[in-house]
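The same chain A turns up in both complexes below, where it pairs with chain B and then with chain C.
And then the complex of A and B:
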């Protein structure tokens, strides 16, 4: 297709075929690149030129705690999401389609439902007097309501809920690409199910787990809505801190510096993720 | 054996049970919120002491909710149209262009999806404050179009990559102009991709909270901003009613998508 004889000559000196990307490029350049670069410049110029914003950011115990907490929440959410998603993806990959499509339908429904709606539901469910606490107490498992909201537990439940589809759906693809014969061979050679899982199924699905896990981790790092509504003040995350610094404290310099840190970490992890996905695709053909 | 559904034995029982539990977990908030919206308890007690439609009445009687929903729909429609048109043009270039830096361009156009929204939100807010677009519909549409663009480009480029360009070339050999060939041969062939792009970019704007929180003004707020405000104030059951309507909308969208896909792929 690339070598088509109907290649059009370049217009106005632009490289062949690049012209139709101009509107997109203009839009993204003017309203994405320029504002983001301007914001980053602001972190070293507001209120005066220098690195004082970064010094304030890394010198203060409060902000360092926010960084650590952000990484903690993102790590916990990613780990739980992987553990929950793997068995589901495994089943979805091999289930009879009639049964699988019901589960897929539920996943899509939860994924497409308004983000605030889902978070609101969890706020009500996890309250002190909420359904979950009442049910647990009714069953006699606990005697006093568990603190499930405005803390790490609340953020983790809410975030895992949102991230699960992003982990399950790509993992199904990875698991479907594995030849069942390899596992039959392992069983024939005398491997126990556990050994076959540990030495064959898990290693073969590792690229998918890594790529999906990294994506979930990156998304969690910068998440704003759910941590702000389900988390507590003592474990604020970076995105909420950025928004607050700018919106309530009107400290644009500090907010921009924190935004820059978030941007660098995100983009670095994204680059790693692209490599993983690229490597997976390249290896998929073998 | 581990990948043979019929030969998993006891492991299958455990794994299917676990999958069912996760499916229930995913369904729980959605079903819960719909049930709750018909409950009569102001304090969201569950199971509710009685059933009522009063939260829906309150919702529909409150012009600020209606306004917010209409504003959201208007902005999302405009952002989706812009994102699909601009994304369609860009996709031709990304799939068929022969120039260096094509992959870089692709990466650049998809960056808004990867960058944490909060970074973009304060950046565009500061920028719009300076050029006077903060709190305006135009500003909203521009910001949401940027966020929606990746959701338009991904399905369209995928569809275009799967389309055999020699069919378009054949139409040109048979006398069609390149434009005619694209409009009458290529576009209909990639219609599923374009359709997905429209849905996804509409949802990207319709559900967008973070940019909207910054961009909103007292006279211009979208539905997510309205919900956000109510959530921070109190957990009023009116929000449950609004949320249930959104769930209903999602279900309609899923059904329409499934039906249209089936029809289009014939």
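And then the complex of A and C:
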């Protein structure tokens, strides 16, 4: 988006071309704004008007714990995703285009497979009697099965795998835009490969890392299936807790309050990132 | 505004507006709903000409949203009995028309003004014979990690069962279970917390036991029955089996109420109940059903194990659902 190049229309003071954006705006309004407002209203009206749902939410050790845990899991997943995605994105950026598009295709393809199927596949791989533990025990590397599932490790592995494409795609865009000559220049000036990475590549790729990282973090905050199947109850995430509150306990007010708090926190994080890297760079590379 | 929200929600949920010769039946999916389709819906369609659309899984939040919005697309829903008692109190259910549904032979434990029995089942102690040496005989063995090492699997959600199991294992006599001593139950559960793997649905419980991922578990007897039918080497202890029931309900404002009542009559008939019990291993709620079943199928039912059988108190749970759930999730997420 080139926000600065929009011309002002003289009539209504709206950006030129906003007429053609009307259907899209209506769509966003109908399917995003209205439900969010309804959610907020429900959280302060159900079962009766007042802030009792928010009081219950922050007064409940359970919800506070689940909140903190949700942010912990999302942070770990984001950090690991960045570490795994960076080398892949770099490889994609410097590969010959023909080969690159094949590898790209493979990465995209994984996104087309049903999420539940992929999560079940991880269950089969990670459990105590699963493929990984059996192989390691068969090779004599371990004697007791590693606890890879029903804990933070299981959630992290499963979610990083699902989040990788969302990190790789913006990163590749950013990395491709970096002039390779800058790295060559660094080498000519005597920089070691690590030094070139630390002082040239990393700073230049920060916008891509920030954009992908934010997307992964925000998506992770609301994740449901993977934590429910690969995590234990002590890693329960907010989405699962809300589902229980609404579906089983029929407490829509409390569920709405929890969902709204999560939304506000997420928006706040986005705002902070906009401040830190600037609107253009935060969206850059996607 | 609340109306707009619920209207929107229900609008999204309403997949198709049902026609006069159609009705929607919702249950829990998996082997249970397959058996219900085969034993109840198929013969009912043939005899009445009313098409039964299958939907699922049962979702209490959805049910409430439909009723609140006045746009009910489910006509008959299979729910847990403690939920049905609570939902009837909250005005979410139609009364059962016992002029259409014959009541005389129904087990009075599982039918009341707003719900009619679907089937009843027992939580039993099941184990994978390949990973367990020895034979557990009661819930206390699930808490004895020295004698019986390995992971144990329990039902994940706040529902009748696990609390009672912990209390029984701690030595509370069966007739002194209620009112539930939650402090004592959680203290007992703390002793094996790190050895527990939770299951959230029937298929998951089967997978955990069949793979040996969990050595023991608290399972629905029908799921153990299905494992044994598949030839999996699973042991089962019926001592202290805990009964609970599913019931069939008609949500308030269901569009095809008349068809729904006729369906309930067919589902709770001796033949419908006998066929379902034979296919699922769950017990019939019609007292005449067993006469129509083969003798070996009767032997697999919870009815054959009334010695040491304990009835979970659905009324107690309906009364205390909220407060127990608050304690449950607080303990579980710790």
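Details
Quick note on the criterion: the second predicted complex is superposed on the first by the 230 of 286 C-alpha atoms of A that agree within 3 Å, B and C clash if a C-alpha of one lies under 4 Å from a C-alpha of the other, contacts with A are read in each partner's own complex, and residues count from 1 in each chain.
What we mean here is this: a contact is a pair of C-beta atoms (placed from the backbone, for glycine too) under 8 Å apart; a residue touches a chain by one contact, two chains touch by 3 or more.
From a predicted model like this one, the values you see are computed outputs, not experimental measurements.
Contact with chain C, but none with chain B, is seen for A:150 once the two complexes are overlaid on the shared chain. Applying the stated contact rule after C-alpha superposition, one finds that A:233 touches chain C and leaves chain B untouched. Applying the stated contact rule after C-alpha superposition, one finds that A:35 touches each of chain B and chain C.
Of the two partner chains placed around the shared chain by superposition, chain B and chain C are both touched by A:247. Applying the stated contact rule after C-alpha superposition, one finds that A:128 touches chain C and leaves chain B untouched.
Once the two complexes are laid over each other on the shared chain, residue contacts for A:66 go to chain C alone; chain B is not touched. When chain B and chain C are set side by side, the one touching more residues of chain A is B.
Judged by the touch definition given at the top, the superposed model places A:210 against neither chain B nor chain C. By the touch criterion defined above, A:45 reaches chain C but does not reach chain B. Residues 34-35, 38-39, 42, 127, 129, 243, 246-247, 252 of chain A contact both chain B in one complex and chain C in the other. Note for the complex: chain C touches chain A at residues 1-2, 4-5, 8, 59-62, 64, 90, 151, 156-158, 197-198, 200, 211-213, 321-322, 325-326, 329-330, 332-334.
For chain B in complex with chain A, the touching residues are 1-5, 11, 15-16, 18-19, 22-23, 25-30, 32-33, 36, 43-46, 86-87, 89-90, 92-94, 96-100, 102, 105, 108-109, 111-112, 114-127, 142-143, 145-146, 149, 153, 164-166, 168-169, 172, 178, 203, 206-207, 209-210, 213-214, 224, 227-228, 231, 235, 239-240, 243, 246-247, 250-251, 253-254.
Against chain C, the residues of chain A that register as touching in their complex are 34-35, 37-39, 41-42, 45-46, 60-62, 65-66, 69, 127-129, 150, 228, 232-234, 236, 241, 243-244, 246-252.
Across the complex, chain B is touched by residues 1-2, 4-8, 15-25, 27-28, 31-36, 38-39, 42, 84, 87-88, 90-96, 102-103, 105-110, 112-125, 127, 129-131, 134, 161, 164-165, 175, 178, 180, 183-184, 186-187, 193, 196-197, 200-201, 218, 221-225, 229, 239, 242-243, 246-247, 252, 255-256, 259, 262-263, 266-267, 270 of chain A.
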